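Can you read through this structure? Questions will come right after.
Should a chain be cited, it is by its letter among A, B, C, D and E, assigned in written order, with residues numbered from 1 in that chain.
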Amino acid sequence: MFKKRHPKVGSRPGTLVIPKQSPEPRIHAIRYSPDGVTEEDITDVERMSQAFDEGAVTWIDVQGFGDRSIMKRIGEIFQMHPLLLEDVVNVPQRPKTESYTDQLLFLVRMVRRTDDDELDMEQVSMVLGKTYVLTFQERYGDVLDPVRRRIRSGKGVIRTHGPDYLAYAIADTIIDGYYPILEAIGDRLEDLEEDVVMNPTPELLRQLNQIKNRLVNLRRGVWPQREAINALVRGDFDAISDEVRIYLRDTHDHCVQTSEVAEMYREMVTGLMSTYLSSIANRTNEVMKVLTIMASIFIPLTFLAGIYGMNFEHMPELHMRWAYPAVWLTMLGTAGGMLIFFWRKGWLGR
Amino acid sequence: MFKKRHPKVGSRPGTLVIPKQSPEPRIHAIRYSPDGVTEEDITDVERMSQAFDEGAVTWIDVQGFGDRSIMKRIGEIFQMHPLLLEDVVNVPQRPKTESYTDQLLFLVRMVRRTDDDELDMEQVSMVLGKTYVLTFQERYGDVLDPVRRRIRSGKGVIRTHGPDYLAYAIADTIIDGYYPILEAIGDRLEDLEEDVVMNPTPELLRQLNQIKNRLVNLRRGVWPQREAINALVRGDFDAISDEVRIYLRDTHDHCVQTSEVAEMYREMVTGLMSTYLSSIANRTNEVMKVLTIMASIFIPLTFLAGIYGMNFEHMPELHMRWAYPAVWLTMLGTAGGMLIFFWRKGWLGR
Amino acid sequence: MFKKRHPKVGSRPGTLVIPKQSPEPRIHAIRYSPDGVTEEDITDVERMSQAFDEGAVTWIDVQGFGDRSIMKRIGEIFQMHPLLLEDVVNVPQRPKTESYTDQLLFLVRMVRRTDDDELDMEQVSMVLGKTYVLTFQERYGDVLDPVRRRIRSGKGVIRTHGPDYLAYAIADTIIDGYYPILEAIGDRLEDLEEDVVMNPTPELLRQLNQIKNRLVNLRRGVWPQREAINALVRGDFDAISDEVRIYLRDTHDHCVQTSEVAEMYREMVTGLMSTYLSSIANRTNEVMKVLTIMASIFIPLTFLAGIYGMNFEHMPELHMRWAYPAVWLTMLGTAGGMLIFFWRKGWLGR
Amino acid sequence: MFKKRHPKVGSRPGTLVIPKQSPEPRIHAIRYSPDGVTEEDITDVERMSQAFDEGAVTWIDVQGFGDRSIMKRIGEIFQMHPLLLEDVVNVPQRPKTESYTDQLLFLVRMVRRTDDDELDMEQVSMVLGKTYVLTFQERYGDVLDPVRRRIRSGKGVIRTHGPDYLAYAIADTIIDGYYPILEAIGDRLEDLEEDVVMNPTPELLRQLNQIKNRLVNLRRGVWPQREAINALVRGDFDAISDEVRIYLRDTHDHCVQTSEVAEMYREMVTGLMSTYLSSIANRTNEVMKVLTIMASIFIPLTFLAGIYGMNFEHMPELHMRWAYPAVWLTMLGTAGGMLIFFWRKGWLGR
Amino acid sequence: MFKKRHPKVGSRPGTLVIPKQSPEPRIHAIRYSPDGVTEEDITDVERMSQAFDEGAVTWIDVQGFGDRSIMKRIGEIFQMHPLLLEDVVNVPQRPKTESYTDQLLFLVRMVRRTDDDELDMEQVSMVLGKTYVLTFQERYGDVLDPVRRRIRSGKGVIRTHGPDYLAYAIADTIIDGYYPILEAIGDRLEDLEEDVVMNPTPELLRQLNQIKNRLVNLRRGVWPQREAINALVRGDFDAISDEVRIYLRDTHDHCVQTSEVAEMYREMVTGLMSTYLSSIANRTNEVMKVLTIMASIFIPLTFLAGIYGMNFEHMPELHMRWAYPAVWLTMLGTAGGMLIFFWRKGWLGR
């Protein structure tokens, strides 16, 4: 279900709506250059303005929006446009790329599996400046630890590039996170494929509906990302160097592929649902056949028995010696005839 | 249901068709500048021409079209093109942006919930001039009080901007009004999701159909708005300053998001409807199973009882001592056999 | 059903196929300028070339194509391209705008309700020249009388504009004619909405199918018009002045709106059809419940009665004093048990 | 079913795959100018190079590809690109227009009705050179005789135009051939519309499926033609004169119209299919009602009769004088009650 | 099911994920010019750099990625961008064309039938350099032997063209491989068409679902190829000569045609599935008719027999001489009446 924090209708643009249950902001800064890395937990928001360094890239990660005054202060320190700050805080927004003077806003949708096997989708907002990347997340925790490790270890090229590469690395990592989720759904579908024919319970239908809703959500998270990233690849924004654009091309590929796979899975779920309906119809047909066969065989016989259970005085058959066996023979004949009839119809022997 | 006041076929362009039950026009003017605000209820339409002031922004709000001569006179005072005035009065038109000499026409669809929980959609027409914004509404009441309060209080930037910002503020407030409506529908769908499997009554189907029609209406209200606002964002019209275009970009985002959510909900309703059909089929299947089991067990037994209810003279079994218990045993055996058969088929035990 | 007069396969381009039952041509000319109006029924086709006047606009309306030689002669007099004339006569063509040297061909689809409540669609072809508009209709009668009255009365601006305005007025009037048709369909759908749940007869389904086909036809009539009119609005053709282009923008709006409404209604019909299917399934379910309840209660009781109708010599129960009432009690108990079972399943009490 | 001759995977480009059962090539040349016409059956392929004449248009028609060496030799004589010749011979290709040095390849799909009322679709390939048109057809026979007659008779403008007009005339004639086919399908659908409600047999469903497949095939044949012809109309190719482009505009209209009609019919078939399903459900419902009414009335009565057929010694009712008529009254009352119940449910009297 | 090897979330760009079960790389080089061909199995990867020759084209084919260090070394020798190498190894990627400095990456999806009649889809990656084409395949074996034979034999034009023609020949051969697969599916569908009406078993539905999934997979393999090849045809990349672009146009045609055929077959499967559902409903209807007829005829008769099986003392009919035959007559009459009723309803006689 789509749950959007929306400000009271008619609020001033830039009105922040802190998501309920969003915890206190935790601010962490990583400053790196080819020469080294320094990290700092920023507890006093005013220190943020001193977290920078000429000739270094600074990644400031803000997790939790639970203190309105801090969020507003961050907006002031980094001279963010009120609408930019609103998009960061009033989650979820549609993934997009938007340029402001000196800053590029880049919204992506992160997906993770929760402990009780639900999907947790969270907006990660990046503000890309000349020498820094700010990231904002509504809740603690993310999938970005590998990026942090790459910075700390200095392996790969990340420390030798600018903040645009860092933004790429973050977006790429988030999009990569869609693959294991989709893979798990694919495995689940493979399992359900058999059940739908063999064991079509209402519970199964409920599960299919649930998977379908998840796929719709996933696709809605990744689909607008395509366009957002494509705008960067095309070179609409100066803040992205040509070299990083080649890297973003790769991320764009993955957006396209994941949304295609989500779409394909969704069609499969639709197919399974209609198979489910067919299976029910089939089963009703089976049930009806059993009833029809049983009733069609015994109802005439019972009628015959009923005839000779009548108490009329003048029923000559009752006194004939071979009448009883003759009735049995007639009955067996009738039953046999019905069986042959059903056999020919293909209703017996399945 | 789409209810459009349309002029008699072949009327002259500019023919006004006053909506039935549209009340007497109430005209209210708010004139503001960074220095202050003055308000006035305009009872004599001729006073409208004097409501302006150099160096101030004037918002004249006309609610109710119930007096043709007043509407025509307003058109004359503001030198509106007859087709512009027609679009304002002959509601609903498709949301759009259209430029005329010196004026920009901007139609948006406002949605509110009525007291009896219906959706009330109403066209709000804005005419944006050099120093003024005219708004027109078919009925009294709207969602724009927060905008009026912002003007009066002088908080935020609204008093320091021109009429283009006012037009933005009005459009933005109207679009924001879609969120609580969609949220309520989303909550309702969440409730219905369970009922559809557990309690699939025709009444439920009626409700789903109703929700679907509402979503179609909402989407039809907001979808063409996207294009209308995008034209402003792209800068097709001079009357909109660059700064306000950045604000309109935010409103555009919300149009896209609300129409996507409406679309997503509509797909969910479609899914629920097909689940409903499956549930009915499932229930019929259940009913048939009960019938088949009962009939298949007792019909053969009744036949057996019928046999020994026959009155033939020569039925040796009737005189055997153990025949009666033997028949009972046979019957129990038959019934047991049927039960095992049904158990194996999985028709028992749920 | 689509009924197109098509020439024999392989005919020369320009081959005219007079629609069957198209009556004798009736030709009527209206010549007007700001100063006055003169009208004339033209009985001799050769007089057409003298119907013109410098400084005046002439509207020549041809109704009925039932005389090939007259149609050909008109083509010669006005120097029409053979393909233009073919498009005029071999109706219906797809609505379109097409330019020829000195002439603009403008095809629109007119819709009217017939006396027996059917839709009557007819192509109205306009040939727009420097000082004239020719209109062609397959059958007598149209919705254009209001335009004629506006010319005669001199009210409005029509007499002060050129032939492009006349063409606009004709097209606009024709498109306006879609609104009452759609409104009637909308009212009809509102009525059927209840019947589909309450009284789902095959006749109802037939009516829904019929409405759907009408909507498809309406949409096919109006949809290509959008593009045809848009080409004029965009200014692709010199024959349309800037002022008239503003008027055509209004007509374009109406095309878009009517085709959207037709589309929306069509979706509603589809929804009603699937509701219809659900209703049938529901009813079958109801029927089955009644059968199952009746059969499940009485079949076991009948079996019991059958038992004690057997004629075995040695059936001790038969001679017991309380056996008969005991059987009754057993039967009532069984029936009560079944009723409780069905009650729990929710099959009783609806 | 789509039957495409495809070369062995990995064959060299230009590999010809002669369609099975394609007969020996028959080559016929028509050479015409405003002054006259000469025709010739070409039996020796080498003579083809001499079939031309300065100042005349030559149409060489090749029917049947059943001799690979002849086909190859034709390719050499006319200096065709190997891929052009491949497209001509390895039918069917998608309809398209493609330019090669000095030649324009123009593929269209011809449709005819066969004697046993099947659709016969055949690719007609045109190679348009400076002074000639080559046409190629897999099988003997086509719909082009009217074009040949127009050339021979010299009526119309065909003899005064170049080969581009001839190519137009051929394409136009082929597209015109779709109309009678569609008309026949439309008539058939009108007939089936009633049967689907009144007489929904599986045979009917088979016929609907067959019509649907035909419509899909027709649409696949004509849809890509639109783009192919539009490319010519737009003037992408020099070989087409401005005048002929106006003629092709007409053919383009017909492509659009026929594909729209095919699409509309396809939607109607889909509608009929779902009506068919509804009809079946309706009929099952009817059947069930009869069963339920019969069973619900007689099963309780039979039970009652069973009660008094029991052989208990102590059944006081058996000895009462009015018991028998009382039972009859009870039975009639029960039956009457049931009938009233069913009447109220609306199950009787349909 | 979509099975994508994806690197651990957050890995560095360029991280290679060797597909499980991908065997040891086998490297084969073919070097050819108009003058001759030399071939070589390259066992030491370092020799690759010497496999080239000025004035010759070299095709190096790498099958199997099962040795990470070799794959990395190949990347270094050919100075591949890390992302290019990642796309080659981390299969499947979406088919695409991408340019890097001095190299063009061209991904296509190859399809083959496996021995147990499954579809085997495999990515073939081509890296097109100035004088060479590198191809990469995850598993041994491909459909490219005909291309190798054409090089060796020197027939056709392949040896006289550059590496761009070789890339074309490979892509063309792979796309050609879709035709026999589609043909087999088409034949299968033709067979199933009858079964669906005659013998609608759940097994059949399973097969239809399987075919549908295959068609979806095929279409997903070939659809993005269209765009990839079209980019080459349009001339976006210098590495492709004008002459080869004409050849690629042919391959593009085949991509369009195969994806259209796959789409058409998919629609046919959908149609068959809904026919299947109709068939089941039809069969249930048939079953119900038999039951209803049997029950409706015999239940009233059994009731009648039950009446005269009652043991009341005072039942005058029991003692009448003609009562028994009269009952028989009544019964025959009732049965006859029911039969006529059913006959009129059309339930008998088929």
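Just so we're on the same page, a contact is a pair of C-beta atoms (placed from the backbone, for glycine too) under 8 Å apart; a residue touches a chain by one contact, two chains touch by 3 or more.
Going by UniProt, the chains are A, B, C, D, E = Magnesium transport protein CorA.
Keep in mind the model is a prediction, meaning the values are calculated, not measured.
Chains making contact with chain C as well as with chain E: D. Under half of the residue numbers found at the chain B and chain C interface occur in both copies, marking it as a different-residue contact. If you average the Cα atoms of chain B and of chain D, the two centres end up 41 Å apart. Mean C-alpha positions place chain A and chain B at a centre distance of 25 Å.
Counting partner chains per residue, chain C has residues 277, 281, 284, 288, 291, 295, 299, 302, 306, 309-311, 315 touching two or more of them. Viewed as a network of touching protein chains, the structure reduces to one closed ring of chains, two contacts apiece.
Starting at chain A and proceeding toward chain E, the closed ring of contacting chains reads A, E, D, C, B.
Across the complex, chain A meets chain B through its residues 1-4, 6-13, 81, 83, 86-87, 93-94, 96, 98, 100, 202, 205-206, 209, 212-213, 216, 220, 273, 276-277, 280-281, 283-284, 287-288, 290-291, 294-295, 298-299, 301-302, 305-306, 308-311, 315, 317-321, 323-324, 327.
Against chain C, in their complex, chain D makes its touches with residues 143-147, 150, 155-158, 169, 172-173, 176-177, 179-180, 182-183, 186, 189-190, 193, 197, 246-247, 249-250, 253, 256-257, 260-261, 264-265, 267-268, 271, 274-275, 277-279, 281-282, 284-285, 288-289, 291-292, 295-296, 299-300, 302-303, 306-307, 309-315, 347.
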